[in-house]
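Each chain carries a letter (A, B and C) given by its place in the written order, and its residues are counted from 1.
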Amino acid sequence: MEIHQIVASASPGDAVIEAALELREVLRRIAPSEVFAHHVDEALAGEVGPLADYAGRPGADRGRNVLVYHASVGEPAVCSFLLEGPERLVLVYHPVTAADHLVDLDPPLAALVLDGREELAALRPRVSLALAGSPDHGADLQTLGYDDVRLSPLPVDPGRLGALTPDRKVAASLDAHLQGPLVLAAGGILPHRRPDLLLSAYHVLVTYLVPDAYLAILGPCPRPGYRDVVESFRLQLNLHRAWLPGPAGAAARATWLRAAAVFVAAGDGEDVAASAQEAMAFGVPVVARAPAGTGIGAGAGIGIGATVAGAGLVLPPGDDPVLLAEAMAEVLGNDGVRRSLAAAGRRRAAAVDPDRDRAAFLTHLAEVV
Amino acid sequence: MRLLYVVQRYGPEVAGGAETHCRYFATRLAARGHDVEVLTSCAASHSGWANAYPAGDSEIDGVGVHRLPVARPRDEAFFARLNERVVWGVRPAPVHLQQRWIESQGPVISGLRPWLAERAGGYDAVIFFTYLFHPTWAGLPAASAVAPTVLHPTAHDEPALGVRLYDTTFRHPSAFAFSSEEEAALVARRFRITQRRAVIGVGTEIDPPVDPGAEAALRSAHGLGDRPYVLYLGRVEPGKGAQELFAFFCAYKQRRPGPLALVMAGTVVEDPGRHPDVVLTGFVSDAERTALLAGALALVQPSYFESFSMVLTEAWAQRVPALVQGHCAVLEGQARRSGGAIPYRGFAEFEAALERLVSDAGLRRSLGDAGRRYTEANYRWDAVLGRYEALLSALSPAGA
Amino acid sequence: MTGADDRPDIDALVAELRARVAARRERGEYPGGLEDDLDARFAHLQRHQVAPARPFDVRAQVARMAAALPLGRSRIGLTSARKGGAAVHQVVARAVARQTEGILQQVQAFAQPAAESIEALAEAVDRLDRTLREEVIPALDAVIERQAAAERQAAGATGGARHPGAGAS
């Protein structure tokens, strides 16, 4: 028997793929275990295998296996593969965000989210075990017809970055160029991560409040056209101290976090929530914008709101770059606020217990294996 | 004529080319019988625009001065960052960002617009000095709505001239008064102006009185003895080419030791360093300037950004030859038209020209005489004010 | 800012920040319509998928063309992967040398003036492109922006403003 994990897409810095690679090490104590993906970023080519490689094996060899599918947005090729396969299927649910919130921001992604929900409904008869990271996610799966959804938070170890050797290239670049407080954001250049709102708020910050601040938005820029638009926005506002460094692996993220004065989340999603948790573990105060109310898919309220509430400065929902800028300025300029938020964040990060979450996952998995 | 000048700073203690230029015109026109007033700020220094004079009305040398306070001091940290983005960044920057920049540039004079809106209509002409600063940008539209206006841009070929905010500034005046042909050409090229214009320049006193003991006193005060010296007049700061001049002169002295000294007479904004053959005098009075010029072998004008250079005509008025920055179109033009100065580009030319001047008394005399003839022909105050009154009269029925 | 158990009182802080924003707006520190301006700017870029300018490198193309001239028999390769092939190529080249030379001269007579024309055109296009990018488009953008700002101001004005008679001479 082999236990493999399946994701639709694998790229560096993605919270799900990082958790899957960690889980792989745990699973390898039980059985041979790999991670396969339909799309594999070349940076992960050595760690994650193409799904086609596994799908090409004879069916008889596969029948004894267990597949753990990390479900997120729709991917028809993956759905077809899972529907037709002989393996026992464990579903782990990772919603992106509510489709209705994406419809205006990112119609293609909204469509993928909706497709993903249809695929989940279609997969239900094949699924031996359904896991969700939170009661909200579980309730959402139930609306798709899943009866027995078990609670199993994604094992995330926000403190592990602290033990990593800094990325030398990033450290050297920061030494050479960073000459003011750094506002750090993550999640990449995608519409629902709201890089436009981040840049607008940063523009207000450096034009009216804290002229020496820098901004870095980590994460992939998978759509060249959208990246060009964001870059044009940055250039038109002459925000030459705003950087878009691209995806950042664990060591690079640790290096950026050590240099950061504040972490800001303008969008939502599991990636962003995981990055916020990492920031809190580093004692970097977090400013976040609460996602808008619930809607289709109950994906709203994922991650960031629950992660940061009580441990960071959560602003009301709404596109208000001026309020976001004032919040950043307050954290940068008020020692008391900064210390208080940093301490609250550390306490929250310390309460996260990845070993407990891994144990919960294995306990549930044992029912299927 | 009843005339109002609008300028960012005003007063005999105020150092600054454009501000001095304005004061010279205001004072001399008042002496010629015109009713001249000035609207200005309470700032004395351009660094921070701190209020130094009391607000209210006063009179200086026959000119009525109305002072309004500066609303807030300039935050240099903010201004530096905004300057990077607006002047040196991708253009055009968003309008609100350019406006933030000009407000940060300052001085923002409290109540300027309402004062002009209410009172500018009572003057035959309202004359603004310097395109760069907030009072001109804010006040020119208000005054132009109710009175004929003149702008002395005092513009250089500098990056700030390219800021798009000024596109409409240069559409407001009824006429332009330029300091040099080169400035007129620069502004015409940049803004495609269609209004009336004249090259006025700045007058200078021919044969100004020299206190016979003043030169000796200055030499004694600064340890010059009877060494020959070349003279720099103006603020000692990089923007005026002073640091480059210091470096060039030090290199010259290393290669050509001798008694020659460099006297740098003006407020030290940024200390260029120390050298046994360089004397930094600090701020000097008008009388001291005249005395220092009288004793100088030559004037050196190293600035890259000039719209006229009053020190040049002051030097020529006293038959003092000059070495001028060849990279500045205005200075090169003045040198070419007058025959009274040698332009240089870079150290090699500076060294060669200075050595010629130092060793050839005949050359010094002929350059000095040529400069003097040019200045007499074009920059006697009577001639300058005559041109100026003609421009103002053409705008105003009262002056016709 | 901290609550009873040292946790930050976020509600109080958010309220304070909102009040601060309102006060700054009241004092005119934030210009009216700032957020709308930023939103509209991004929306425009997104609607028209505006990418940062990457000018076409005319000069590089012209340089490549110039490197291909002059034409000559010496540029025609005589090597071959086959055994004896090079010798065959050399013999053939000698046999048709006159005709080859004739063709090359005719083509050169066309290519040289064509290259010079393209260089001149490239120079003109380059100048035009620079003028457009550096002068015309920025000036237009500035005019449109100022018009928009003036329209906003006029829409918010409470009294009649005297129309400036600018540039009267």
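What we mean here is this: a residue touches a chain if its C-beta (ideal position, glycine included) is under 8 Å from a C-beta of that chain, and two chains touch if they have at least 3 such contacts.
All values derive from a computational prediction rather than experimental measurement.
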Chain pair with the greatest number of C-beta contact pairs: A-C
Argmin over chains of |mean CA - global mean CA| returns C
Whole-Å distance, C-alpha centre of chain A to that of chain C, is 35
If you average the CA atoms of chain A and of chain B, how many Å lie between those two points? 60
Cα centroid separation, chain B vs chain C, in Å, comes to 38
What positions in chain B touch 2 or more of the other chains? 94, 100
Which positions in chain A touch two or more other chains at once? 208, 235-237
Two-or-more-chain contact residues of chain C, please, as numbers and ranges. 34, 41
Tell me, which parts of chain C touch chain B in their complex? 31, 34, 37, 41, 138-139, 141-143, 145-146, 149, 162-169
Quick one: which bits of chain B touch chain A in the complex? Just the residue numbers, please. 77-78, 80-82, 84-86, 89-90, 93-94, 97, 100
If we count contacts the way the header does, which residues on chain A are in touch with chain B in the complex? 206-208, 211-212, 235-240
In the complex, chain B residues that touch chain C: 91-92, 94-96, 99-100, 141, 144-146, 148, 164-165, 167-168, 171-175, 194-196, 395
In their complex, what parts of chain C are in touch with chain A? 1-2, 6-8, 10, 13-14, 17-18, 20-21, 24, 29-30, 34-35, 38-39, 41-42, 45-46, 49-52
